[in-house]
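Chains: A, B, C and D, in written order; residue numbering restarts at 1 for each.
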Amino acid sequence: MTANIFLNGLQYLGYILIFPGFLFCFLCGMLLVGIDRKLVARMQKRVGPPILQPFYDFFKLCGKETIVPAAAERTTFLVAPIVGLAALVVIQLFIPIHGFTAFSGMADIVVILYLLLIPALAAILGAAASGSPYAGIGLSREMVTIIACELPLVLVLLAVAKTVGNALGTGLCFSMSEIAEYQLQNGSLITKFSMIPAAIAFAMVIPGETGSHPFDTAEAETEICEGMHAEYSGAPLAVFKLSHAVKVLTLTSLFVALFFGGIGTGIIAFDGVIVFALCVVATALFISFVHAVTARLKIEQVFKYYWTVVSGLALVSLVLAWYGM
Amino acid sequence: MFKKLIAESTAKSPWLFHINSGSCNGCDIELVAVLTPRYDVERLGFKLAGSPRQADIVVVTGPVTRQSLDRVLSAISQVPEPRCIVTMGSCPQSGNVFKGSYSVCAPLSKYVHVDVDIAGCAPKPEAIMDGLVKATEILKQKRGQM
Amino acid sequence: MNLANMTDYHHFPIYSVMVLFLGAFIIASTGSKPSKDPKNPAGFRAWIALCATALSLFFLGSLVKPVMLEGEIISYWMGSRAIAGGYAIGIAMEVDALSLFFALLIATAVFVSAIYSIRYMVHDECVPQYYVLYCMLAGGVLGLVLSGDIFNMFIMVEILTFAAVALTSFRTKVYGALEAAFKYLVVGCMGSTAILTGVIMLYAQYHTLNLAQLANLVPGTMNNATKLAFAFLYIGFSTKAFIVPFHPLAADAHGAAPASISVLISGVLTKSGIYGIIRLTYFLFQTMNLGSMQFMLVFIGSVSMFVCVTMALAQHDFKRLLAYHSISQIGYVLAAVGLSTSLGISAGLYHAMNHTLFKGLLFLAAGAVLHETGTTDLGKLGGLSKKMPHTTVLFLIGAFSISGVPPFNGFASKWMIYQATYQKAVESNNIGFLLVTIVALVTSTLTLASFVKVTQSVFFGQMPKEYENVKEVPFGMRLAMGILACLCIVTGLFPKTVTGVLTEPAAKAVANVGEYITAMGFKSNLPVPNVTFAQVGVWEPINWLLILCIALLALTIPAVAGKYDRVSEHGGPLGAAIEMVSGKNDQPTVDENGEVDTKYQLFYGGEKNVYSQVGGGDLFWGFKHNWRHYFDFMHNLHSGIVNDYALWAVVALALAIVYMMIVL
Amino acid sequence: MIQFNYVCAFFLIVLGFYTIVTKYNLVKTVIGMSIMDYGVNLLIISIGYTPGGTAPIFTKGELTQASYFVDPIPQALTLTSIVIGACVTAMSMSLVMRLHESYGTLDTREIRRLRG
């Protein structure tokens, strides 16, 4: 495996830097967040910021001065956002876009579930390194949100693995590319009725995992002054905002890959556009709509909500998948 | 190439940090009114930031009472460079009706270089937006010289 | 005994055990006058202990090729009295892949901990006795793992229990050390009595004490006495492994013992308990093909997995938190081994190895914090990363490993365990095992949560005034931690080779009991099973790390490039960030009375610089609030009274007897 | 007759458990542990007994195929078990002494600093 990576290195470098890698994530992630803020504004009868607002925010922050507080641990404080963003982009490489995966055969679903931990852990370490009490409260809430989102995510992924496994006859199948191929042949997983509760559960997990409005107790600007990013300014903060945007893209494209894999033509360019369109619809429905309608929850309500309502839905689909529906 | 892009986007996405140094909350309500759907200053890119580290424009309301003076100054000092100090309402500019009181160290400009003064005892939202837009121009020039 | 005969590897098992006991004897005979050198109170005795552990590690290391790769089983008779009249008379040592796997694990942990304790035991008195007990403990555990005679195993269990109890209460002035040692001794002695009763019941039925012969005779002829013996032996060994009903012992013992001993208790003694249970269930009684036996082991494994991780979340002391975690990881190992599928056993053993490595590293880091600041209370510490940067980095490697963050070794073995349990659930079409996978995944996140809590309350956040003059730990301690950290990273990056060389031969040995019996000279008709380790999932850590490094490079190049185009001193998108790392940018200025100027103070809503550390108890309020009834109940359940723990032990014994009578 | 020994042995073991579990005095716990040990020793000895057997000691010239010996191995095991019992009692009594010195009491309900 390592050998042929060096062989067609240029192609892989292209994957990392351009298509499902940095450029794609940067542009599509920022666009998604722009569309999200615009939709929320429109739902409140406001004109709302231009779609390219996240780009302006990013470049403004790059121009700002970076202040490292005296109480902070300098290197961890500055390196944490970069590692978080890099890990997030690497996850995007493993997610199939209608059958085409940049690096298949390297990580299966459970590994992707755990790779999603690294960006969150990087943000937590950055917050811990800044030494601010607001950041301390923020990271404690972020950790509780991660625990809350972990259970439903696990149940959904096990249900998907079991359903595809039943069809392939091996009983369970963890690898993403096999799931993508299965959906190519017999249609998206959403069409199977045992998968509908799992899709809804995954949709409910997306706002929690990305920390968008009703579940953004970790970065509550009003209560704990931007929570984990309280002491960040300038370029590191720009990288954190960018990784938030890329996380929205990663989770929605994972949702599309898992449940809407069947939709799409063969040509890679069109598939990219179609998948991005589906991601926009997913963001609109699950993040913007929920943001405009709800108020921020207390952290123990977030935990209770995820471990009862959403996990129950995911459990329903797991049991259905288990008995071969 | 970057310099122009950064200067351009500094003007397009100014983030506000609101410090209340003992105001009667008249100006605070007006500032929030500017963010509501009717006036919607967010279409120009404005956003309320939670901590001074993430702010570009610091909006100070209230007659800077003695109790809050050093707190206001330490908060302003924590805002990273290209920043703009905006005083809203006449209290921070002259102390308004509270001028001469033992506990008011009124004109903020005695302690900090103030860039934009928005006049009015509870200025109208249009005046606030005009002041804030002027502040973004100043930000852009400051960004250019840095 | 010419030299050629001496260096023949068949003698190495007894050499490795005897070297340690010899070391203990020599140190004991050199009196207890501490040496004048302040940095190393035990003087040359520390070097004797170090050489003894190094030699035993060398002997076991050279056994890897014949036993692991070529699959040979070394049987060694003490006093060369072999089988007379069909009965094994002498005491035998039998080293197959499973025992060698555990022996290697134990020898590495013992060697590294010896390096650490040279500089760690500086503040203590009568350190020579510490090294005597240390070598006795190491020798006892190695003897237990390598012995082929069940009564010899009992003797070694006694030796290691005595040494562990004495070492737990070594620092008598530590809060609660004597009490922890007494509780450990009482319930440990009950466990040993249970083992002795079980051994004697077996001898009464089969008139032999040799493991291989028992494995040959027992499976067919199971009457009530042997079932009783099985129950007693099982409870005895689970006392040594600190599984659920006996886990408070471990929490007290680790909390009070010196860090280098906590490494041994958590990394080594628990593994010897697990080894005993594996020998018991797979070899002696061969009951693991019964569904109910698998259910028992997996159930106890997952209960101890979940109970101990939630207890750990509620702790206020660094070492007690680590102690509860080691029991929860032992729960993982037991659940995986209890599946009795070859992949399950291989995953369980792989996790046992990883656990010894990262748990040793974490305890050494806790010891370093105790060595420098004098306390391990999570509420009082904070911000030590500025004063102890190396310890922080090493601790973070250990914390990431235990909580299963991808590139490190904890993830590789936990990932294999999830697959093993899920595959078992699919094969046996029994939804119970699916529950175990879910509990395992959720427990792993709770482990991550408790280590985030430790990171924030000990190493990051704000530093209290009294730790101003804390400085980095001496090099010897950091060397020990460094060795374990490198092992953690290496075993994490090469799961295929590590499992191929170490855990798969051991798993084959567990499945292949027939060869174990014939190696001792008894005829056995058990078939040689063909063992496959087919894995459904796929995980290539090296390639993933390669892509991550390329991505990291891709991020930093524009940043560094930005720095040179002199547009402004803050340059391109990340210019400022990289400049800061190189420290060129403005430094926070400190005025005359040590007050940092306001620009670099933390933002407190305008207040002056105030010390307020968020750590210890006030983290994870959301989780604790939702589970408050559970936490209160568990807090009261662990009452700390000796009688309650003894009551749990007796109840567990009764339950085991009833369960074995019904099931077997 | 030998069954009576087994019943006594197991009775002693259960008595030992009873003392450890219910008595709230440290010294009584130690006594309970040693009673448990004596029970096991009695069990080991009575297992090795063959009716009509003599002590397993060889004397010159008297070695005949017909002479009955009691099984020697359990007796060897009992020796070790007695020694271990003695060590357990010695160590636990020293711990009890130090506990009394630092906690000021022998009541196990007070000695519970490490809990929760």
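The criterion applied here is as follows: a contact is a pair of C-beta atoms (placed from the backbone, for glycine too) under 8 Å apart; a residue touches a chain by one contact, two chains touch by 3 or more.
Note that the structure is a prediction, hence the values are computed from the model and not measured.
Undergrad: Treat touching chains as neighbours and tell me the shortest step distance from subunit A to subunit B.
TA: 1
Undergrad: If you count the C-beta pairs in contact for each pair of chains, which pair comes out on top?
TA: Answer by contact count: the chains A-C.
Undergrad: If we define chain centres by averaging CA atoms, which chain lands farthest from subunit A? Would you check?
TA: Centroid comparison gives D as the farthest chain from subunit A.
Undergrad: Per the centroid of Cα atoms for each chain, what is the distance between subunit B and subunit D, given in Å?
TA: Centres of subunit B and subunit D (C-alpha means) sit 83 Å apart.
Undergrad: Using mean C-alpha positions as chain centres, tell me how far subunit A is from subunit C in Å, no decimals.
TA: The separation of the two C-alpha centroids amounts to 34 Å.
Undergrad: How far is the middle of subunit B from the middle of subunit C, if each middle is the mean of its Cα atoms, in Å?
TA: The answer is 57 Å.
Undergrad: Counting only Cα atoms for the centres, state how far subunit C is from subunit D in Å.
TA: Centres of subunit C and subunit D (C-alpha means) sit 32 Å apart.
Undergrad: Please set out, as single numbers or ranges, the residues of subunit D touching at least two other chains.
TA: none
Undergrad: Check each residue of subunit C and list the ones that touch at least two other chains.
TA: Correct list: 568, 570, 572-573, 599, 601, 603, 605.
Undergrad: Could you pull out the residues of subunit A that touch at least 2 other chains?
TA: 58-59, 62-67, 134, 225, 230-231, 234
Undergrad: According to the definition already given, which pairs of chains are in contact?
TA: Every touching chain pair, ordered by label, is A-B, A-C, B-C, C-D.
Undergrad: What does subunit A use to touch subunit B in their complex?
TA: Touching subunit B: residues 41, 44-50, 53, 55-60, 62-67, 134, 220-222, 224-227, 229-234, 237 of subunit A.
Undergrad: For subunit B, which residues are in contact with subunit C within the complex?
TA: Interface residues on the subunit B side: 2-3, 19, 51-53, 68, 70-75, 77-78, 146.
Undergrad: Residue numbers of subunit D touching subunit C in their complex, please.
TA: Subunit D residues touching subunit C: 13, 16-17, 20-24, 26, 29, 33, 36-37, 40, 43-44, 47, 71, 73-74, 77, 80-81, 84, 87-88, 91-92, 95-96, 98-99, 102-103, 108-109, 111-116.
Undergrad: Touching residues of subunit C toward subunit A in the complex: what are they?
TA: Against subunit A, subunit C makes touches at 383, 385-386, 392, 396, 400, 404-406, 411, 415, 418-419, 422-423, 426-427, 431, 434, 437-438, 441-442, 445-446, 448-449, 452-453, 455-456, 459-463, 536-540, 542-544, 546-548, 550-552, 554-556, 559, 568, 570, 572-577, 579-581, 583, 585, 588, 590, 596, 599-605, 612-615, 618-623, 625-626.
Undergrad: Going by the contact rule set out above, which residues of subunit C touch subunit B in the complex?
TA: The touching residues are 562, 565, 567-573, 597-599, 601, 603, 605-608.
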